[in-house]
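What follows is a pair of complexes built around subunit A, which joins subunit B in one and subunit C in the other.
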Partner chain A sequence: MAKAAAKTNAASPSVERRPALAGRAVSAAGVKVEILPPAERISLRAPQASLAALSKALGVTLPAKPKTSATKGGRTALWLGPDEWLIIDEAGKDPLADCAKVSALHSAVGISHRNVAISVTGPAAAVTVNAGCPQDLSLDAFPVGAASRTILGKSEIVLMRTAADAFRVECWRSLSDYVFTLLSEAASDAAN
Partner chain B sequence: MLLIRCPYCEEERPELEFRNAGEAHIARSANIAAESDDDFEKFFFIRANPKGVIYERWRHIHGCARFFNAVRDTVTDKFVMTYKAGEPKPEKLPGASK
Partner chain C sequence: MNAAFRIPGAGRLSQAKTASFSFDDKSYTGIEGDTLASALLANGVHLVGRSFKYHRPRGFLSAGAEEPNALVQIVRDDARKTPNVRATVQELYDGLTANSQNRWPSLAFDVGAVNDIASPLFSAGFYYKTFMWPKSAWKNLYEPKIRAAAGLGVSPDKPDPDHYAARYAHCEVLVLGGGAAGIAAALAAAETGARVILADEQAEFGGSLRFESGAKIDGENGYSWAQAAVAKLKAMDNVRVLSRTTAFGYYAQNFVGLVERVSDHLKSPGRELARERLWQVRARRVVIATGAIERHMVFANNDRPGVMLASAARTYLNHFGVAVGRNVGVYTANDSAYAAAIDLKKAGVNVAAIVDLRDNPSGPVIDEARALGIEINFGRAVVSAGGKLRVSSMTVQPKNGGGERTIPVDAILMSAGWTPSVHLFSQSRGKVAFNDETKRFVPGTYAQDCVSVGACNGTDGLSATVDEAYAAGAKAAKDAGAKTGKGIKPKVDASESWSRGMLGAAPGAGPGTTVKAFVDFQNDVTAKDIRQAVHEGMRSIEHVKRFTTNGMATDQGKTSNMHGLAIAAEELGKPIPQVGLTTFRAPYTPVTFGSIVGHARGALFDPTRRTATHGWAASHGAVFEDVGQWKRAWYFPKAGEDMHAAVDRECVTVRKTAGLFDASTLGKIEVVGPDAAKFMELLYTNPWEKLEPGRCRYGIMLREDGFIYDDGVVGRLAPDRFHVTTTTGGAPRVMHHMEDYLQTEFPHLNVWLTSITEQWAVIAVQGPKSRDIIAPLVEGIDMSDEALPHMSVREGRICGVPTRLFRMSFTGERGFEVNVPADYGEAVWEALWAEGQKHGAAAYGTETMHVLRAEKGYIIVGQDTDGTVTPNDAGLDWAVGKKKTDFVGIRGLARPDLVAKGRKQLVGLKTKDPKVVLEEGAQIVADPKQAIPMKMIGHVTSSYWSENCGRSIALALVAGGRDRMGETLYVPMPNGTIEVEVTGMVFVDEKGERLNG
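On to the complex of A and B.
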């Protein structure tokens, strides 16, 4: 038994992790939809009293205002609810390890591999996302840096505006094929 | 599409993000085992189902995921107001003439 386990461990470094839909991209006139590289993510829940300690440990101030986000050093904190945040780290550092050092009450759950990120960029990006998302995505109502959990077609997503003509769509891995296909179809429609 | 104001997100959001969660302000007895069958039936099954203004629980499930209370008119389907969970039933509704 122990021998078998040792064998599996030895073999694991050669096993290549293949993220869902890795490298897929669709271009249409005015908009490009592509799968973003893997990132570290955590789902963070914490009461008001723990926010200062967690912000310090994570190196990014957790936003307190609805529909906002904060970015610092490749790490983004998205406000999802009054006591809930999504932390995305694209710099390769593990936010879970940073939270583990905090003694203040909180719940941090690693969801790096649960989510797949899709970028929608180009002048028709908002029209493309609006094909399935009922929120007002004008720059007044959804400015750069705005982030919200919402719905895209039949699937729940977390939407963030990274630039005036760029969105980051975070969806569950198992729904990524549906979300990517819907956005691809919407991209070709948006071009017309 | 209806726009529903979420008291936690502090703005109006499309109805697709929300889910109804039944009538509001139904208090569960502190000692439910001691309830008589009749009282339990009233608490568990009997709802007002009015024609007109109703107090309901709603959940912003595809948003902040929070439960809140809403006052809605069942005839016009118009949302009169929304307020946070745990807050008392509003005495006076906005726009009410009486």
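On to the complex of A and C.
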């Protein structure tokens, strides 16, 4: 596959990175909503035949079951569709570069800056997310590690349960203000 | 201090906790736990409203959600004035302020009551018959006057300061209704470990156990058992118990809408509390336990304040400790009113007489009433109620005629029987069935995974109800996948039971009579009106309903539907099931707009999308415009500049030196895979296979019908990777369009699409100095014209940040679009701005972008095209690959009407007076002297003042436009006709030399 603007270690930026909503956080009874730091992300599309090679290159086995994810070494692969995964790397390594080494058929597109991640944590986290997300977020239906592309109010999100009382909400950059504000309002009602 | 009608020792409220309130500016005292209705009754107040049409004085009919009469306005402050609140469900709080509605100047003396005297003029269907001519009077006279005279409450005229919450929830078993049946079902379901939600509209659970003093379960009185059972349910992790929560709508696949009234009962709710919370519940199984509603007797003046349902009087006594009168009469056609008479008598209230329409009923309640010394009259009817602002007597007559006797009373308790509440079952699309023996509609055929239990299922008697409900709850949980529970079924020790009753008008209000015997209190529909509707030709109950408005008020005919149906059936000479029942629709009781809107107001009404440079633009004085959900910098006025001056300066600066423009909102799609070029060939009119990596091409996308759908510049990054741009507004639909074709028409292609709109911030640097501004910041890209010609793309770095640098132009000047990862967008913009300052560059907004592209004749899809424009119409034939054999829209382009002569074509227009700027959308004619209506041959699509041209410019779609070059056409406007000359579309630099200037 052709390489997409693979990261080189040449010059480091001479200008600062300004992530959307950096540092914003809201606490309410039973729940905290906060913006997570930037991460490396790719949108990975591939047929079945390529999964082994891609899993090996990425160091994490691409999950094959709907609504699941797999995490290893700070890198998470979220199943979004039969041929689609969202790869999130929080260890500062570049999954785009890893995929560039794979000759098996696939499409890897860098979307690190497209998404903003928001964490929702605390005993009232599920109730908070459920203010705008119609999915069943019980631990039976949406266990730890479950992931799904879904909606929150009027925005598309990718939702992942990172712990019994913790969710990671991924949304597009320009929608992050809306998503964060909705989650903040929902948080204030969640414990009532 | 005790209110006059509060009976010491009766009811369940603590007398110690008082709450003061006002009604129509008069102060009263109630106690905590009261409803507004019970508190007013405790103070002897029955008159609380005026009716909708006739302005008749009205009191309380019920003690619950079915209340049609006692609608009041609750006022918290200037902005919180809730109209049409049922006083029977409004919980009292200290300081509550309520006002009566639909009266002037006062409740006791209402001028509108003249309608009652003139009522022959306002018979059924009078709206349809009376206010037809003249048409002009509708707007100015009839509608406003009728609204004012026949209104209910007054809507608040300020924004609602409250906030509303929303929540989705899932459960195995949703139980609707928290009476004996609902509680029993919830207990059985909960014991299996299944997730259970139990909802009831009342503040306290128990339903009819609130008034059924004879009920005993598990050795306790029924109400106490209910409280203990609910406490047990609340303590379980798998159960959510929602009080003050009305299931208002039953939708597809067991999706049920509930609204929880969170703070309407509180004196001063904190800001952290929502007023209401909408629950949207998806349940595997639903148990409907909504009970039954007592019907009134239909007789003359049955609407006088003090005339109420027997169960209501019993609730006021047994739950609230309030006597509804001191000397009450009872009028009934079934047993349940006896229980009310007995309870009141025992509490020390005189029961003047029981009038029973039945000839020889027997049973324990009748024996008990007799034993208490209450006068009982069988086979007799109450033919009229006396009094006006309050009932003062009842006139009794043998039901087959005979001598009348008037008995003084201060309240009449009535019961015509009980109507199962099949509203939610019917909303679930279930079909009701008429039970001829018991004369009631009960659930028949189910359409969803739900079950009705108890009174709403036509099950009589507490014991049978609890048995049925407990079994249903257990089965619902099991069917939803839960294990078998180990609970113990509640044991009913003592029960009250009654059934039957009557439907329709009672003697004295039958055929041929003209008395005001109300069927529908809220819409002022009498038995006579129903008959009149039939006489005037209405046959279907749906027509009778609409003609009379019976059951069409906000109470949805909870007490009136069956009576209305029976009277219509009698008049039609048909059995009830043949006349049919009207459909029940959501909402079960009125729902506030706030609860439906929920969080979606203000900033959360719709997402506001901002680009990475928004902050910089805002701090540099940008005026923003809304483009879809995006905020885009429109223009950047300097001190003292208006929009015109700012845009003129920006336009001139770009062509003279350079300008910076935020193009981040353009849609961007990365098309990747070995078949990427093949896919592009199919989706666009242009050829792509031979486009070399590193080069760009302007592409046009058509719909199947051959019309332009979108356009944009596409860069080929690698043989198998394209960076596609779309219009801002088209971004989502173009992505869907492409994905749709990929999945359905071209699934054999190995190619994938990823939206990268938000990955890249895009800074357009345009103008003769653009390269000078960018070059110092770029690494790894040769910026020379030879290495980076117009319409090419390179990957490298700018300010040390990865970039996809496009050399392209939407201005006609030498231009670049710098793509950088979005988080770096603002900082890179600042660096470019700093460089630009050295050359006198300007920041420009969307307005200048529009003018500059129009000066070059570059189209904007959606402005210069409208879904009926082909590439040829737009002068873009060059962008259609002539050798291509297939692409989406190729067959559409060959349609006869798309290749016919005389189609509207895009051309330029110059006004003869260069100072005149045409209006976009203005119509164009060839001959301004022709008769009206003139033949319109086209319209103006884009029009601007061009400071660079020193004149106005315009683009227009004109029939046969390209054959009209140099012709004079005319634009008729209200202030005179404007002469224009047809020109080419390019107004600046026709040869395109400035692209390399």
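Everything that follows uses one rule, which is that the second predicted complex is superposed on the first by the 178 of 192 C-alpha atoms of A that agree within 3 Å, B and C clash if a C-alpha of one lies under 4 Å from a C-alpha of the other, contacts with A are read in each partner's own complex, and residues count from 1 in each chain.
Here is the rule we use: a residue touches a chain if its C-beta (ideal position, glycine included) is under 8 Å from a C-beta of that chain, and two chains touch if they have at least 3 such contacts.
Note that the structure is a prediction, hence the values are computed from the model and not measured.
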item: Touching partner for A:T181 - first (subunit B), second (subunit C), both, neither; value: second
item: Partner chain in contact with A:P134 - subunit B first, subunit C second, else both or neither; value: both
item: Touched partner set for A:M160, first subunit B, second subunit C, both or neither; value: neither
item: Subunit B versus subunit C as contact partner of A:R45, first or second or both or neither; value: second
item: Greater residue coverage of subunit A in the superposed arrangement, subunit B or subunit C; value: C
item: Partner chain(s) touched by A:C99 [first = subunit B, second = subunit C, both, neither]; value: neither
item: First (subunit B), second (subunit C), both or neither touched by A:R18; value: second
item: Subunit B/subunit C common contact set on subunit A; value: 134-135
item: Of all residues in subunit B, those that touch subunit A in their complex; value: 1, 8-11, 13-14, 16-17, 62-66
item: List of subunit A residues in touch with subunit B within their complex; value: 66-67, 80-82, 84, 134-135, 148-151, 156
item: Of all residues in subunit A, those that touch subunit C in their complex; value: 1-5, 7, 10-20, 38, 43, 45, 47, 83, 105, 107-115, 127, 130-136, 138, 141, 153-155, 172-175, 177-178, 181-182, 185-186, 188-189, 192
item: Subunit A-facing residues of subunit C, complex; value: 163, 165-170, 195, 262, 272-274, 277, 280, 282, 599-600, 603-604, 606-612, 630, 670, 672-674, 717-721, 750-752, 754-760, 779-780, 795, 797, 799-802, 804, 821-824, 826-828, 830-831
